[in-house]
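Same chain, two partners: chain A is paired with chain B first, then with chain C.
The block that comes next holds the complex of A and B.
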């Protein structure tokens, strides 16, 4: 059943492939659903909501692996090459969504698809080729066991032999870790990674090594003339902005190591401390001065936050902030060159650097405390590449580490320093000096994720500098930021475009009276933010600093004032929460490890811990959730989540 | 004497990672940052011995001062 769309930006087709039966058919997704659930992770959540009842497991025939794009993917809007992968996470048992740059999203749309829904398990390893709606499932015995870059090269060679030439295409694949179902395996596309939540393990369980997509379909833009003008203006704005035009292009995300150190939020020694004496040796500044060769960006991205470094004569992707911190200060390791190698190795094996580093740091501390004698120690990191291999191939101690820190702490003890939420390990920010992010980690639908958590650190010292330890205003601000980021992600854009939301003068002049005034007042504006959260429709206009809404209108032809944009984000966030409720998520699962809520980071500062109970109370109230931390029936109906469910 | 370390994009412009200074106040220090004008230096965030400092801070001999460009997100 083909359900074409009247809206621009969409290809009007979602394809479903059952790997057990090898059956391909269209998945119905109507324009009414597009209006409500937009695309990307929210579109995927809607499909999961209509197909899962909460009894399904990650490694089962009933699970779905959904690769989805947004209406702006491939539209030419800045940083709009993103695609999303959603599934039941083997790490958490709940819904995960992982967002990725590169070019696969663009080529999936060139093939005529908005999304690909995969289910079932092939009897033998396979890879899928999609070319202009035509789907072929190929044998992947020769690819099985290859590392991620080898796999992508081999695929190009296979396509060249088959077609006589290599047509332009996008690829996703797994490495050995995914094949061995390491619970935090990632999916790799070029050098970019959909890292979090273990979607690579689900792909491995399906016996699916890779997907290639390409074609010559065009993304229709509803108002091309105005979109072109708007895009030019937006590119100029991003280029001029201090974050998207200066800090991110010049230092990349590693540029945050130093400010995190100064704000005491640099996760150090498995989050025991917030500062690291040798932070400069692993900083973005040293990376830029000594190792960075060139800045790279995804398709149509003016920000170009990615680093390219040279190791042993080979040019490879440099580490992101998370990797740098967790493999650096997290291990008490100041060897930047080693981190560059390890980052490359982890991508090649198909392991999520964040969960992998956190799990090893947990094991180091467990060994130090004598509850699990495993030979791993902080500062002693000589055998790391071998350890990563063992994890990816599930050999020896690697087989244990492949399960993640939650399961290990249940087996060996030390839950208080197993730094995960809902089973997924935390990002690199130590939240006792960024308590808003602490709340975000705890309530995030995905588990311990900074981005799905609302990323309040950008207010708590890394952009602006509001009080890092107060709970005032943080619940309402977290909700607003989560909803905005949810929608940006759903449209197919990079979250980094949202940083230009902060007026340049506040960032260019951090010591000016007006910036200091904003920093002082913002935490006490919770009630104002609450009004925006509760009645976003009052913002029936476009904001000059938020270009996303106009771009959405010009591409799709749908009306999308700022307030409606926020409401769509709220719908997406609640949809995932409601979906997670079916799998048993409630307030009892919105918890942080004891270390972060009970132990003071600074023994002289009684505020240096996350006041999670207070934060959650305000947050649930702001969201309109009940005491169990769940969306009420009324809210679900108001957001049109309930009426639209097919079940 | 104080030791001054520079971080953020300002460091790439300054071309040095650290320098020594005999400045006793921020106002004096702003004039001494290599490669940056006083106006540019004024927009760097000051930290003294690991703690955020205000404009009125007075440096003590042996202090470690950090001047940092505002950062962003990752």
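The block that comes next holds the complex of A and C.
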């Protein structure tokens, strides 16, 4: 049953593969659903919403692993080669969605697919090859056990043509960690990683080692001429912007280490402190000066935030900010070279660097406090690569650490310093000096995530500088940012394109009167956010600094003014929340570890903790959720979530 | 005549997004190595002109029309 689409940007096909029965068939996804649920993570949430009732476990035949692209994926829009992986997370038991760059999204569309829905469990290890709609399931016995780069090289050999060249393709694969179902194992594509939530473990449980896609289908752009002109303008804008044209390409995300130290939000010693004396030794500046060879980008990206570094004579991917901080200041470790090696090792094994580092930091503190004698301690980090190996292969202490900090704290105690939300560990930002992000962590649909949480740190010191500890306006702004980021992900673009949303003069002149005025006024603009949220038709225009809406129109042919764009994001966010409700999420699950809400970061400053209760109240109210933190029936009808449900 | 054409890359417009490199069936386009330490503006260039078959896939793939096929 092929359901072609009248819209540009879409290939019009979603394919589902049952690995138990090896049956492939089309999954019906209509144009009405595309209008409401766009693509990427929102499309995946809709498919999960229509198929799951809340009793499914991550490792079960009923769970789905959905790999989806957005309409802008492969359209030529900047930073648009992304794809999303959604499933029920083994770490949290709720929905997880992980967004990844590289080139797999691009090639999935070249193969003629918008999304791939996987379910079931193969009896033996397999890998899937998709070439222009044609699907083949191959035996993967000889790939099983290989590290992620070895797997991708071996697959390239299998795809080698008679002329000696490798057939153009995009790949995703898991490493030994996914095979052993480490709860926070990731999925790797080229050097890029869909890291959070443990989707790699679900793939491992399915006995699926890799997926390769390729073909020569083209993404149809509704108004090609205007799209080219708009993209030229947009590329130029991104290249001139201080964040996307200078800071990110020059320093990558590690460039934030120094500003985070300045704002006391650098997670140090398992989030005990917000500053680290040796921060300069692990800063983005030192990384760029000493180790960086070249900045690299995903396909179609002019920002190029990734690093290629040289270590032990080998050119490897450099660490992202979160990895750098959690393996650095998080462990009280100032050895940057070691961090570069560990980052590479974790990617090779297929482990999520954030959850892995947080779990080890929890174990170090538990050992320090004497509640779990495990031999690990801060500053003494000599045997790390061996420890990662043990985790990936679930050997000895590694078998325990493979479960993540939530389960360990339930077993050994120390819940107050097990830094997770809903079971997924926090990113590297210490939220007691960025309380808006603290709220974001707590309410995030996939657990302790800075991006799904709205990334308010960009306003709280890492871009603009609004009051870091006030709760005023944080609920409304968190909602707006979550909705915008939900929609950017759903369209298939990178969230970094939204950095250019902040006008350059505000970032170039942080002490100018107008920047200070914006910083003062912004927390009191919650009412504007709520008005746009309630009456999106008021925002019937395109914002000059927000190029996404016009690009969406030119590619798809759908009307997408700013208000509608935000509304689509809101729909996606509420859909995930509504799905999570079935699995038991309510306000009681929107909590932070005690350390962050009870202990003061600075004993002399009584406001240096997250006022979570107040923040949640404002946020729920802004969202239109009830006291239990759940979307009301009225809201669900307004967002057309209820009417469109099949159940 | 088309097989004698080769891509000309407008260096001022190219942002080094790699779409042309990825789409070249003969692997003759590459992203330039950094000219100096910290060079962040690496762009595409025709590294193997003798291998180029002038198929035009790079021109088609470029999202900002920075590539035109011309006689070398």
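In the analysis below, the second predicted complex is superposed on the first by the 642 of 647 C-alpha atoms of A that agree within 3 Å, B and C clash if a C-alpha of one lies under 4 Å from a C-alpha of the other, contacts with A are read in each partner's own complex, and residues count from 1 in each chain.
Everything that follows uses one rule, which is that contacts are C-beta pairs under 8 Å (C-beta built on N, C-alpha and C of every residue); 3 or more make two chains touch, one makes a residue touch a chain.
These numbers were taken from a predicted model, which means no experiment stands behind them.
When both complexes are overlaid on chain A, the residue A:76 reaches chain C alone and has no touch with chain B. Shared-chain residue A:168: touches chain C; no touch with chain B.
With both structures placed on the common chain, the touch criterion links A:232 to chain C but leaves chain B unconnected.
Of the two partner chains, chain B is the only one touched by A:258; chain C is not. Look at A:87: by the touch rule set out above, it reaches neither chain B nor chain C.
In the superposition on chain A, A:580 makes contact with neither chain B nor chain C. Of the two partner chains placed by superposition, only chain C is touched by A:301; chain B is not.
Contacts of A:452 after superposition on the shared chain: neither chain B nor chain C is touched.
In the superposed model, B is the one of chain B and chain C that contacts more residues of chain A.
Looking at the shared chain after the overlay, A:359 reaches neither chain B nor chain C. Residues 246, 250, 288 of chain A contact both chain B in one complex and chain C in the other. Contacts from chain A toward chain B in the complex involve residues 242-244, 246-248, 250-256, 258-259, 262, 275, 280, 283, 285, 288-289, 320-322, 455, 457-458, 462-463, 465, 495-496, 499, 507-511.
Chain A meets chain C in the complex at residues 75-78, 103, 106, 165, 168, 227-228, 231-232, 235, 239, 246, 249-250, 288, 292-295, 297, 299-302, 304. Chain C makes touch with chain A in their complex at residues 13, 15-19, 22-23, 25, 27, 33-34, 38-40, 42, 61-65. Those residues of chain B that touch chain A in the shared complex are 5, 7-9, 11-12, 17, 42-43, 45-47, 50, 52, 55, 66, 68-74.
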